């Protein structure tokens, strides 16, 4: 779960990391108030989309009336498909230098990795590798203060500044652990005459660990449909084709999309019904697909844990509930295959055994290869 | 022959009194796996389908000399269950559990490394040495004993591929599911190394996905392998930046793209199947060639 | 720092360990109130002395008036030299069985050790070794829940009870870490029909770690004099002889006491002025000794870091400040020895070089060997 | 010859810009110790008495090949300083600092064990190889080079004893202060083992105290030693249950009494001095005997 910038900064502030004075607002009047309190301000739309700056999601104001006008213009606007409901109003900083500090999960090493650079303020992917300091962390030992000092030294910092930046990095480690983060970043960490300040930040919490963080607000991401699917416990990604797909397991689902594309078809979505899903969730999933009115629905099931008869029942139920005429192409093999086929046939449906044939049929029904 | 497990493996099932644990313990026993004990805190002294249940893994080890475990414990308690198994000295820990926090997984892997033990998963279907031992939730019918090692990130896709091989009369030495989470215990390289050293494995099928760089690292290793490798990669059509179910199946920062993986594997001499149903034929060719070229020095395909 | 039982129990309760309902009181009337709320109660004097039960520090009451009377009798009483100011009033428990759970620092292993026994309620030293389960803990890995379950099993517990006791033990580990404890104990952990309850407990916090625990109240231990010495940063232990001793360093101070005893003298105290103490603290230390009006004071200094001239200045100043006629025997060698001797001689004092001679002289001045 | 350190030891002083650090760094240099660098976060780039100061230990290691450290860092920061030194690969860490929380000390020792390094202290006067290298705060005058190894829990008492030996013309190979805290890095046995293996050590003086069981464990080890051991134990007159300055110097639970220690050591063949001034004579006798009996097989006393 990605937290909004203002929530990430709340977490930073709690951990003792300096953030700019200011607060999140939902009205233009509040923005004027904050500007009156702290002086010239930065105005930042709270959306999870990247590149908000170029899309008008970041502005500056020297005076309260200016802040009010700009926030008024920002609120309600849509940035890369995300509606702006909140704007973070913060004191404008005097920038001496900008650093990047980040901590992420490094899957290959199975360890957290600390990443730092003295070229902050830009996308870290655009920073040349030689300007980046990376340090794997033993998850048990943790990232001790001395290691933060060593990173600060490698960034070319000295004296008080080195100590301050090391302190921020060490505290950022605390945030990473405290919030079960997949990724947390301060970018840029601005060096000001008064010390370093986290001018922008990210905090992505591991979805699997949310049960340990009931204190966190739920930040919904993705389209309406993707959210609905997630609420049902399904992994759903909207694509731009016309062949809806349901399969069980991420790998087979991806492979199904690949096959459709290979055969000239255009998949409408990724929908992993999961291994071993029951009738009810599969019915809901099917209904969701049918509601989108695709040209055709392809159901591709290799029944391992998933039982073919459950799949058949779900397909039949969804079709009845939706009363739709969208053509269904079903491929059904594996556990309880015979029972599944019987249920389908009772309801006037049939199924393929070979994935290849089913995929080809779906592409044909959608209007043939393009 | 098989890797990691065989017919002598003595297995504990942790979380055996839950629905999933009970169900799959029975299936494993039916397959012939030597399930010697179950563990379920608070349920010690009871039995599940004739399998004795203990409160602690240590007790299962003390009484039954268990050497491996399959974990069905719910995610919030899975870290503790894995650490318990590792601390009790079990050498193979199969974590079926889905939804284990990634910070927990990192701790588990650190401990496993310190204990020189293998963790399969988490979020894996497990591993199976067909005809000998099944540690996991895969459908037994899909497999038959034979000379092909299979290693996959994803469950259902690998069932499909194994079943196709089996149907074509090509059996498997061991089929290993790495697990779908971002942090898992085994890499492709770890498994390929073992297949390369296994006299019972003549060729390997590797089922990868977009995201991460495990396939690229595997390609490097494959360059030095004597066994032929056939690969299939899912995710060609996935749009960048979208997470497709698995934590790993996301293309980020220009790394781990479909193209980079195919290129690396092809350069390493791997045959990369473009469609899943091509795999069987590629394996057949590889086995034939391996049989020919290695008759004098390597393991023979039966 | 040893915490009073009621403070230890507060820490337990915060960590989720069940403790008996009740609270600490400072008046008899409050005790009656608690008894009215919770029914029959145990009344426990809050003193740090061991063996308070036999000394009248523990009583029971079924009715409020009874509780009031007994607490009235207890308050103000002195138990092994400790005045009773507070009484813990707690619901009397239905005891099914009593366990011992403890976690301590095991110096030899340099690790924490978990100690448990199903023979609780008595002094753990009196429990036979075979009835005790011991487990060293890796301080980094911590004492994980599964290890607590394994201990519970070794205690012969099963089922729900095993789980509950394991949970208490695991939480006790949390207390041990959270409070930088040298020792924490639940003795007994009473198994009641409603589950385990910590009926009595100890929590000794590492003095060195108190800077991390500003939240803890200061619990003063020892005699008035010992407290005064501690406030000055000195290690002082009251003994029952008549030769006051000041030396620098714990080892040499102990050795000095041993020598006096060996020669037939009776040391009045242990006072380690520390290595490298300055004039001021040594003066205060000397004054404290002189105020006790011993028969003689023996100062035994081997100046390493401690400078002999500083010692001489302190001795002279203390003597002047106290205006006392207590004879002083001084042994002074090491750093700045000549300067120190000069200062002493200017003030009509002299010093020995050999410890042996100084000790013999002190014993003679105190009236000879006994 | 000496144990743990010698004239080639390259020393860092952590906390060199504090009063104590600065003072003792100078004394160590005056003694001839190769103090190659100081470390003081935030003070990197400065100098103390001509010694270059760095922000991190790693930098001191990278630039000067440091191999040991003496730590004067205040207690709240001492854990981090010790871990930093160990992580930078220093093999001997001398923690002078008093007042390090015992939980911190346990962490430090766990890390040291993992790194296969030696921690002397905390709360120690350090260690000295007379005439070669001084890592600590002991008064240099008290020592002279020679054949006797000294190991002590307590500082000032050991200065006294070393000075008496020196005055009697008996020099020391190495003098080691274990440290006065409950959890310290070295035990008597650890040091005795090194003295036993040191060709430059012909006899050992062990200065113990009541409390704990380190002396009893030492007695067990001494049974197998070829070098003679003379012991002195402080605390005979201490009343039970009273803590006498050192965390260790407390008799609890009937363990670690003066009598049990004397008995164990005597049974192991150790000469136990009843009064400190008896030690010198006992050492002289031991050396003479050792010289006689071991002329053909052991190290010679000079």
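First chain written, first letter: the chains are A, B, C and D, and each begins at residue 1.
Note that in this section a residue touches a chain if its C-beta (ideal position, glycine included) is under 8 Å from a C-beta of that chain, and two chains touch if they have at least 3 such contacts.
As the structure is a computational prediction, the values presented were derived from the model and not from experiment.
Undergrad: Any chains in contact with both subunit C and subunit D?
TA: A
Undergrad: For the interfaces B-C and A-C, which has the higher count of C-beta pairs in contact?
TA: B-C
Undergrad: Can you check how far apart subunit A and subunit D are, centre to centre, with Cα atoms defining each centre and the answer in Å?
TA: 56
Undergrad: With chain centres defined as C-alpha means, what is the inter-centre distance between subunit B and subunit D in Å?
TA: One centre to the other, that is 52 Å.
Undergrad: Please output the residue numbers of subunit D that touch at least 2 other chains, ranges allowed.
TA: Subunit D, residues with two or more chain partners: 111.
Undergrad: Scan subunit A for residues touching two or more other chains and write them down.
TA: In subunit A, 140-141 touch at least two other chains.
Undergrad: Would you identify the shape of the chain contact graph, picking one of line, ring, star, complete or other?
TA: Its topology fits none of the listed shapes; call it other.
Undergrad: Write out all the pairs of touching chains, ordered by chain label.
TA: Touch list across chains, by label: A-B, A-C, A-D, B-C, C-D.
Undergrad: What residues of subunit D sit close enough to touch subunit A in their complex?
TA: Where subunit D meets subunit A, its residues are 41-45, 55-59, 80-81, 83-84, 87, 111.
Undergrad: Which part of subunit C faces subunit A closely enough to touch in the complex?
TA: The contact residues of subunit C facing subunit A are 140-141.
Undergrad: Going by the contact rule at the top, pick out the subunit B residues touching subunit A in the complex.
TA: Going through subunit B, the ones touching subunit A are 75-76, 99-107, 109-111, 125, 137-139, 142, 152-160, 163, 180, 182-185, 187, 207, 209-210, 212-214, 217, 232, 234-239, 242-246, 248-249, 253-254, 274-277.
Undergrad: Tell me, which parts of subunit A touch subunit D in their complex?
TA: So the residues of subunit A touching subunit D come out as 141, 144-147, 149-150, 152-153, 158-160, 162-163, 166.
Undergrad: Can you list the residues on subunit C that touch subunit D in the complex?
TA: These residues of subunit C touch subunit D: 105, 107-108, 110-112, 125, 138-140, 177, 180, 182, 206, 208-209, 211-212, 235, 237, 239, 247-255, 257-262, 267, 270, 272, 275-276, 302-305, 333-335, 354-356.
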